[in-house]
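After this come two complexes, each holding chain A, first together with chain B and then together with chain C.
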Partner chain A sequence: MKANGLLSASQSVLMAVVSRVMGIVDVPLRYLQRKAGQNGMAAFFLAPNMAIFAVFVLVPFVINFVYSLTGGSAIFLSERSFVGAEQYREIFACGNYLDPNTCKQDVFWIAAGNTAAFVVLQVSLMIVAALITALILNREIIGRGFWRAVFFFPVLLSPVVTGLIWRWIFQRQGVLNAVMQGLGLEPHDWLTERNSAFFASIGVSIWAHVGFYTLILLAGLQAIPKDLYEAAQMDGTSRSRVFWRITLPLLMPNLIVVLVLALIRAVQIFDEAFVLTHGGPGTSTMYLVQYIYETGFASELRNPGLAAAASILMGAVLVVLTLVQMAASRRSEKKGAR
Partner chain B sequence: MKSISILAAAGIALLSSTAAFAGDVRIMWYSDGVEGQVFKDLIAKFQKDNPDIKVTVDEVAYSTIKEQLPVQLAAGNGPDIARVTNLKSLSQYWLDLTPYLKDAEFWKKNYGDQLDWMRPDGSNIIPGFMTQITLTGGFINKTLFDQAGVAVPGEKATWDEWVAASAKVAKSQQVPYAFAIDRSGHRITGPAISYGANYIGKDGMPAPLDDAAKKYLTQLIKWNADGVSDKDVWVSASGTTYKPAADDFINAQVVMYYAGSWQIPNFMTKIGTNFDWVAIGSPCGPAACTGMPGGAGLVAMKDTKNPKDVAKVMDFLASTPIAKEFAERTLFLPSNKEVVAGGLDFKTDNKFAKEALNTFVKATTTTAPEALKLPGWKWSDTYYGALVSRVGQAMAGEMTADEAFKRIDSDIAEKVKAAK
Partner chain C sequence: MGRITLEKVTKSFGAIDVLHGIDLDIGEGEFVVFVGPSGCGKSTLLRQIAGLDRPSNGEIRIDGTLVNDVPASDRGLAMVFQSYALYPHMSVRQNLAFGLENARMPKAEIDARIAEAARMLEIGDYLERRPGQLSGGQRQRVAIGRAIVRNPTAFLLDEPLSNLDAELRISMRAELAALHGRLKTTMIYVTHDQIEAMTLADRIVVLRKGRVEQVGSPLELYNRPANRFVAGFIGAPSMNFLSGRIEGVSEAGTLLRLFDGEVVTVPRRAEAAHAGEDVSVGLRPQHMRVAQAGENGVPVTIDMVEALGSETVVHSHAPTGELVLAVLQGQHNLSRGHNLKLSFHPDDLHLFDKNDRRVAGT
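Up next, the complex of A and B:
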């Protein structure tokens, strides 16, 4: 009772402050509305967001595009020479796009190929893993809260920490080889063998992010009405049929969200993979963002123009993926409305 | 009021991170071993005598110096002073300290031999001084040789003989790898010159890879494919990433390690008496038995807001007693001529470290003229970068050695073209 009284008192103070503030801003806002009209007011309220978008997204994008039309290694635009589409021509100068060795910028195409393979494998395995995990965590299992926390915990880790932990596990003298030797098995060079390094980068990425997507699917599973399952049970429907006919269709909107988010994130893969493998062995785990970073910042003679052109091309891929997401969401919404 | 204070504090913090106040000197420093602590002790001495100048030492990883400092400098956001190894390729960013120094003649007399390593071509500025002179060379785990009963190859032994002997030891003692060399273009250049390589064309521009360089690189790729050399170092990275093999040597995972004199204090601290480690200088090739000279220099930045204070700090650090203390405590070979002439009393009782220092001093006499030219050559880093990235790909089996050689030549040509 006392607590309620205190709460009311603090609420009253709060309300008094709010009403005082509203009283102060009311006059100029009314004046503005009279002058600008209803549409003008909408623009006025949207302006802060648009300004943030312009400063942090639009302007950098335009600057990046301008960089992609310039050459040399200088950082400041004023010191760079205009070369037109030369950087794009450099990237697309290929004898055969399926054979990077015939391309002038061979490493770009190797990185693009690696990224494509990574996206296909990582996203499909991630969705399956997230779905299975969500289905298990949705059941009445012992310590359900604990297991949910366990699966979500890696999401909270910094990608650098994730990469380092797994590097210590996979390296030649790492934990995994020690365990294998303990079991009488031959140790394996996980990070110096092409395929195992590639799959290690996929596995680590799934481990790091699966918790986030599991959470989205779990929310979807919990939103499915229970009476549908009860009706199916009364009809004697098999478990697999329930999954394919009830769970999966009703989970589809969440699965589409997961698919698109995972796709976009997979295309942008960099931090944990870079710490884990440094792009090696050779260039077998060099992905597009690492290529952009190395070309623009880390190589002995930097080429910011080429890096900018590569990032514009990668941005174009992301735009396509976003459009796919929007189309898929709309389709899903329409289906739901019907 | 409180929020205003917080905002003000945040503003001040932001300003202090991006701009120097009068009397502030910011130094970016990396360490191979114990020199960071020694350097901070010396700076503390300076601070005691110069309380009006606030010196901040930012200790960073070597990769930060290699990868991030160039970008910071290009953007005009660098520190006031930095310890750098790619001295020539970034020389356009260095400050000419001459008008600010107490005695520029002292600098020319004592540090003059290496000033061209850090000056733009044709310039006579004094941008800084070498904190140490280094020479690349090999180390062996002598205990493993003794346990295997394999004789240590003699003074004029070739690369093939050293690697063969190390392979015997590795096999006998079940050590994963016989030999390791840092993932660095600078490191593989000494052996390449021993095979007869020359990177500099007659016009002073980068020459295409010659047969001698190709012969050595082919051998290096083969050692990797045969499992003789440490795959973890070269194969498990891409591009121009620098990767040392020091930890593998310290952990007795390789028998022979080719690095350089800067590793002596590191080994002294980390290996201690765990095993006998011996410096062997540079194995011979058909043309020479050379290592690569080099080192790290402390240079002042053109963009500094406090050139007078920076020069005061530099004068202090370059002075003979301070340079002597730094060399004696870090076990680095000094570049100050007065220090060298006066003799050094390296602060160590570790017999391996003392013997190793003597071996490297002796090895300086066999340094090939081609190797001596490279630290002051503008295109060294371009050459090294192309070597590392393409040889790494060849070692990973992504291309043949011949394809890698073609790519090295075209990469260098492209970078030369882009720099024009």
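Up next, the complex of A and C:
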């Protein structure tokens, strides 16, 4: 009783403070609304967010674009010379676009090729993995809540931590080789052999992100009415036909969202792969963001203009993918409304 | 074809017993309605028959064949779900064809069956539309059409009209009755709406807490309810229950003393009752009328009057506090707080003992 009394006393004090503050804020806001109108008020409330967006996204984007039109290795824009589209010409200077070795910026095209291969493999394998996981977790299995948490847990980890954990597992003296040796198998150079390193980076990336996409698909699966499956059961539908004709079409809006989100994320692959392999061996796991980072900041022959031009090109790809996602979302919203 | 027999069917979910030994024999071509309040087990019973759930014990036979272990799709039954369960991404035509394609039926045969169902249910104009583009009533027809095209031995309908508005429900009810008349196929219909049960059924099965309370024709249940629960559940508005005591049982019938001291002779012997036993006296609101001067009746005080034009519904209470509802024919000049006597014919009384079992009545 005493605790309740204290609580209600503190609540009424809080309410009094809130109401006092509201009373003070109310006066200028009412004045502003009279002057600016309803739309003006909307702009007023949006202004702080717009300012943050401008400072941290729009302005850097414009500066980056200006950088892409300049040359030299100087960092400050005032010390850089205007070269027009020279950086873009440099990137696209290729004898044969299918052979990076014929390009002036061969590493860009190798990184672009690696990124494309990574995106195709990682996204397709991850969607299949997320779908299978979601289908299993949607069943009445023992410890379902526990398994859902287990699959989602890696999503909470920092990419650097993810990269370090898996490097510890994959390195020459790592856990995996120790286990293999324990089983009498030959150890393998997981991170220093080209294909192994490439697939290791894909595997680690899938492990790190599959939980997030599983969650989206699981939500989609749970939204499919149980009655439909019972109707299919009455109709004598085989399990595979239920999956292909009922589950998959009804899950399609979620799958499209997952596909586009995963594509965007995969194009931006950097941190966990960089920590895991540093882009090696050679350039076999060098992806576009690493190329941009190293060209702009990390290499001795740094070229911020070239890095900026490469990031603009990558940004263009991401814009296209984002537009696709928005169109897909709108389509599924329309379908949902029907 | 279409005889369904249940013998001692039970269903438990863990420690919870939902059905307690249901025995039922549903004849070929019969329209049987399972009715009861929410949670009485009517949908669970339907699902056991459909094959969507397996009974914990007991036997389910269709045309004499034990089907406990036969998959739902092989029982020759078709089900109409409360939510319609139409595949939202398929057109009406694809919805109707889906089950037939599963059975690898030739396309020409599928088309013919769809055309026949579409004609019967008047859904031909929207075969190419998706369920989301149809009204509730149209979706309901499609759901019934999906069952019809399978040419089943029996239809199982799980509260199929409950998602429709009141007006549409009445028209669909009539259509369902007409459809049963045309198809002459066994239909098992689940509802919690006793008016639906009364208007559609050849026989009604009243369920409560997983047990069958009574099986019979609608009028049998209305006129001779086996217990107080059935008496209260069947008929709208519900039956009134007043306290009384049996004074004696003779050849002439049962001598009953009502709470207010009035003694009436119910012209039927209460076989299982004896003098001095307290009983519940059931009286339908429609069987009450305003007592004439000097006539005996139940004294009540009016709480509310609903003047509906053709009839007047009087909500009142007796001196004992028992609520008494009367549906009086025609229009009456009555108002709240008014005291009056409501009389009845002794033939219309139903007597129930302390265990709620019927002991006498017409």
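Throughout what follows, the second predicted complex is superposed on the first by the 316 of 338 C-alpha atoms of A that agree within 3 Å, B and C clash if a C-alpha of one lies under 4 Å from a C-alpha of the other, contacts with A are read in each partner's own complex, and residues count from 1 in each chain.
The rule is simple: a residue touches a chain if its C-beta (ideal position, glycine included) is under 8 Å from a C-beta of that chain, and two chains touch if they have at least 3 such contacts.
On a predicted model such as this, the values are computed, not experimentally measured, just so you know.
In the overlay built on the shared chain, the residue A:142 is in contact with neither chain B nor chain C. Touch criterion met: A:194 reaches chain B, while chain C stays clear of it.
Of the two partner chains placed by superposition, A:27 touches none, neither chain B nor chain C. When the two complexes are overlaid, the chain among chain B and chain C that reaches more residues of chain A is B.
In the overlay built on the shared chain, the residue A:227 is in contact with chain C alone; chain B does not reach it. By the touch criterion defined above, A:250 reaches chain C but does not reach chain B. Residue contacts after overlaying the shared chain place A:236 against chain C, while chain B stays out of touching range.
By the touch criterion given at the top, residues 71-76, 101, 106-107, 110, 171-173, 189, 191-192, 194, 197, 277-286, 290, 294, 297-303 of chain A touch chain B in their complex.
Contact residues of chain A toward chain C in the complex are 225, 227-228, 230-238, 241, 245-246, 249-250, 338. Remark: chain C residues 50-52, 71-74, 77-79, 81-83, 85-89, 98-99, 102-103, 130, 132-133, 146, 150 touch chain A in the complex.
Interface of chain B with chain A (complex): residues 66-68, 70-71, 74-75, 86, 89, 176, 231-232, 235-241, 243, 251, 253, 381-382, 384-386, 389, 392-393, 395-399, 403, 407, 415, 418-419.
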